[in-house]
Amino acid sequence: MPHITAEQFNALMRAQIPLAAFLGITALEIGAGLAVLRLPFTPAALRPGGVQSGPALMALADLAMYAAVMGLYGNEPRVVSSDLSMNFLRRAPDQVLLGRSTVLGLDAKRALARTEIVPETGDGRLICLVTANFALP
Amino acid sequence: MPHITAEQFNALMRAQIPLAAFLGITALEIGAGLAVLRLPFTPAALRPGGVQSGPALMALADLAMYAAVMGLYGNEPRVVSSDLSMNFLRRAPDQVLLGRSTVLGLDAKRALARTEIVPETGDGRLICLVTANFALP
Amino acid sequence: MPHITAEQFNALMRAQIPLAAFLGITALEIGAGLAVLRLPFTPAALRPGGVQSGPALMALADLAMYAAVMGLYGNEPRVVSSDLSMNFLRRAPDQVLLGRSTVLGLDAKRALARTEIVPETGDGRLICLVTANFALP
Amino acid sequence: MPHITAEQFNALMRAQIPLAAFLGITALEIGAGLAVLRLPFTPAALRPGGVQSGPALMALADLAMYAAVMGLYGNEPRVVSSDLSMNFLRRAPDQVLLGRSTVLGLDAKRALARTEIVPETGDGRLICLVTANFALP
């Protein structure tokens, strides 16, 4: 059983992460080391060209990994990322996006996680790949 | 002379990048291949623990590089990052932050840029280091 | 059918990539967008502490992605990586290692690929995760 | 005064890092948090196309950061990188290369360092930029 549920994580975002509320990001599913979060297609996330901005995708990916790490490690909001890398593969105009994250490794001090950002519907082709390390308190 | 001024870039952010307005990010200075942007200390940027969130820092860094690349390459908002990596060195509670970006390399197809995030006042020690490639249209 | 076979790739490494020969890296399998390469446990790869060095792991990962990209795109040795990021999850003393690579995305100008480095035998837990973009000629 | 000298580091590479010897990498200068290492133009480093391979550049960069971190932190060869990212800006055929590294941040558990790879002679334009975190024992 994960250490934090999607409901608890959504409440945490509403209470303490204004950027998540601004973008409308919600958790659909959290397990022990995995999570699925959703970014609606919203004007708040756009950049010139009419596509979602890099920071909006980063918010989706970062929060998805944060949820997956807490699901495995414990309901401990002080978990923080220490480094992160993103690759943008293609644009996805007018799409609701999902961030699917997995914890790839965990030791006493850190967790490595990955998020794949894909459209909610359609071909499911990868839009953005993100990996990050999280320091554990 | 840069291809875009701080005034023009601030107008672009207000008109087309809602996330920048939400976070209160402003351009202080743009040159041909460099830019300084400012993130105020705002509740909008916070995460649990009372520090600025990773996506808020990423927004500051990404926009600073975007401005620096446009300053050198041309006022061409379709410039987009293709990959990005961030290292978080230390927390900086209660600080106004600056993102100082530099274009490190430019060829026909892409630009490599770096942003150093530092406190606006005080010791100036590095908080976050970001590098990214931008695809040029 | 892949555009390059394991035999052809091994011949290319022997003829033109001295570092691969020095480390004893060989291709076991190449498909259209995937490859498995092997790094023997060899003194040539070691660093202080008796574990394989970062550059030896990077060579394994980079060559595995190079093989996977050529398998999908064409037997075109001028393919080069443009950026790469590595995460080291744990040490693996005295282990023969495999680099399992997959092409995650491909367009006219670049390919994104990933390599997972795991022990050849045993628990199969991830040792190192590598992602890279390759510029296509 | 740095905790390790260029002479001591060269002896360490000769004794315990066969890949450094194979590539002919030598330390020219080590300070407390900085180092300059040299990669000769050698067939051992080449890849198809007649340029130095990614792993050879990674070896130069990784060893330069390793030296800079030890120069600042202590002569402690168990320092290891935990993640690393590289950006390749341009090719540099037929060039002797330098890796100039700097420690950007250091706390009790880790150090962040950067290496800029440039030609030894000529215009000094950046060839490759590398950043990495090192775990401190």
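We call the chains A, B, C and D, going by the order they appear; numbering starts again at 1 in every chain.
The rule is simple: a residue touches a chain if its C-beta (ideal position, glycine included) is under 8 Å from a C-beta of that chain, and two chains touch if they have at least 3 such contacts.
None of these values were measured; they are calculated from a predicted model.
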B-C or B-D - the one linked by more C-beta pairs in contact: B-D
Identity of the chain that, by mean CA position, is farthest from chain B: C
Centroid spacing, where centroids are CA-atom means, of chain A and chain B in whole angstrom: 21
Chain centre separation (chain B, chain D; CA means) in Å: 28
Centre distance in Å when chain B and chain C are each reduced to the mean of their C-alpha atoms: 34
Shared interface positions of chain C, touching two or more other chains: 82-83, 85, 87, 133
Topology of the chain contact graph, where touching chains are joined (line, ring, star, complete, other): complete
In the complex with chain A, residue positions of chain B that touch it: 12, 16-19, 22-23, 43-49, 51, 53-56, 58-59, 62, 77-78, 80-88, 91
Contacting residues of chain D [partner chain B, same complex]: 85, 87, 89-90, 104-105, 107, 112, 114, 125-126, 129, 131, 133
Contacting residues of chain B [partner chain C, same complex]: 82-83, 85, 109-110, 133
